[in-house]
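Worksheet: one structure, shown below.
Labels A, B, C, D, E, F and G are assigned to the chains in the order they are written; within every chain, residues are numbered from 1.
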């Protein structure tokens, strides 16, 4: 999931999400970066409306609801 | 049984020849049960099958005779012959044929003595009948009929016969008058010979709903695995982002991180907690 | 509600909820304190498991109306 | 969460929520105040309609999560 | 997503999910295999309890607030 | 389920789902193929809108919230 | 929110969440870091069970307001 957080971080910072930017963020966190996972992430995000995905999460209630039945 | 073609009359020889010819022309030879299907329905079914399958009605002895002459595993089909078997030929595989035949089934009125395939329910409401002896006939069949506002009306919705029970003559007549058609009629595939093997009806029956649900389940598995293992695909990238944001928001609110993105949620949570405590202290 | 906020504040900070602590918090917020309400609050909280009570807080769908997915 | 309670308390009291007012409330509760958290709180509340945010909590339905399928 | 199905198939068959097994399944389907995506898949699944991951709902349940009566 | 996985793999890859393609995928995964199940699968898929079924899977389970009390 | 993303990235990677690690991640993403916000974040997360908070977030339903009847 850390790869996805890196993408969100870059998005929030207004930076392009590409292989080198994702790699830079992960490396800064001290993570041994798996290049293929970075590629897969960047490829899968092509054409995705990130703002839209974020807004869907924003609708979530934040405190925990009653226990699942 | 001895099989001496030479002693058979010409018409029988011709039928056997036809069966043998069709058996070699088509990939699939099947037996279908024609029991209880009126001639008119048979016409309809034939028309529906045109171009896809050929239906041949003949005597069981001639079928057995023909299979015997062909030889090999097709002779095993003979053991599935019943009193009302007919032959069906097609190039489709047995599963497709089975579902094709299922789709050609139609509804028909019940005849006296037949078994209800499902609970038969007569619904409350007016009928098209004018007052007359019909009211008594319906009542005798156990249908709560009455005259209301000059029309024969069913007073309440009632199950008149349960699934598996016999439909007696009075009820059969009454249901026919009310135009209720509870019986499924159609060809039932008893067994099929296809590419060297015999397929019996029990393996051919596929529950379409269960199958459709299994596709949904399989797709759900893939979706869940992709998201939960954080392996992004085009189909799941957006869901992964949403999940990551939800996690972040959840952690942010739990830790009361005051960030402008979630401050409203943090305030809401604090307020909800205060309200909960207020309820306790009264 | 301000009395409850004060109690929660004290609770979260790991402080004892008593008449003087509640009074102090309310006063600091510039609220004219009603002594008998403070007493009532402290009395009614006696024996209450506050953590438990607030965990029952309903999920607050704070941002609403995402399109169904 | 105590910082947020302090903010709600001040809001309820009709006081301005600024660094010194928040600090005063927390100190009165005997809390060792973390200045950055106060700053972050005040900054995040800038432009936020608190009444609106808390009224949504009041209107929140009790959400019952469906059992995972 | 076909890469994920390949993993599911191998899992179901009780086979190890590694680069060569995934590649074999995809090739058998007539797919021109992208090596980096295979590597990413295998890396992502490393340490993942697949049974658990496929049964745990990944999408958030949607709570539909009842309209006020 | 492996037969359905195989079918979806082929579908996602844009390949035709027929007896031989399903068989090839299953065999490559090391699964002993039952010919009549393959036939049944292919026949059952006839007329099924796979995309439609998949889209139902992606939809989140719907939890219905209770009305405010 | 980028600060929280950075924290989760570190958490997922099994790294300690402290001022310098958060700062490093944010900087790598090209974000001009506000020191006081970093301090506030680290202080807020102190003592929070992040794994627990994440799993609660995943279980919470997404609220969709029903149209008024």
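Just so we're on the same page, a contact is a pair of C-beta atoms (placed from the backbone, for glycine too) under 8 Å apart; a residue touches a chain by one contact, two chains touch by 3 or more.
Just so you know, these numbers come straight off a predicted model, no measurement behind them.
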Checklist entry - Based on CA centres, what chain would you say lies at the far end from chain F? => result C
Checklist outcome for this item: Contact-pair count is greater, between A-B and B-D, for A-B
Item to check | Rounded Å distance between chain A and chain C, as computed from the means of their C-alpha atoms | outcome: 37
Checklist outcome for this item: Per the C-alpha means, the centres of chain E and chain F lie apart by a whole-Å value of 14
Checklist entry - Taking each chain's centre as the mean of its CA atoms, how far is chain B from chain G in angstrom? => result 52
Checklist outcome for this item: chain C touches at least 2 other chains through residues 1, 5, 8, 57-66, 68-69
Checklist entry - For chain B, what residues touch not just one other chain but two or more? => result 218, 220-223, 230-231, 233-236, 239, 242-250, 252, 254, 256-259, 261-262, 264-266, 268-275
Checklist outcome for this item: So, in the complex, the side of chain G touching chain D is made of residues 35-41, 43-44, 59-61, 63
Item to check | Touch list for chain C against partner chain B, complex | outcome: 1, 4-5, 7-8, 41, 44-45, 48, 50, 53-54, 56-60, 62-63
Item to check | Sites on chain C touched by chain D in the complex | outcome: 1-2, 5-6, 8-10, 12-13, 15, 21, 24-31, 58-62, 64
Checklist outcome for this item: Residue positions on chain B within touch of chain E in the complex are 218, 220-231, 233-236, 239, 242-243, 246
Checklist entry - Once bound in the complex, which stretches of chain B touch chain G? => result 243-252, 254-259, 261-262
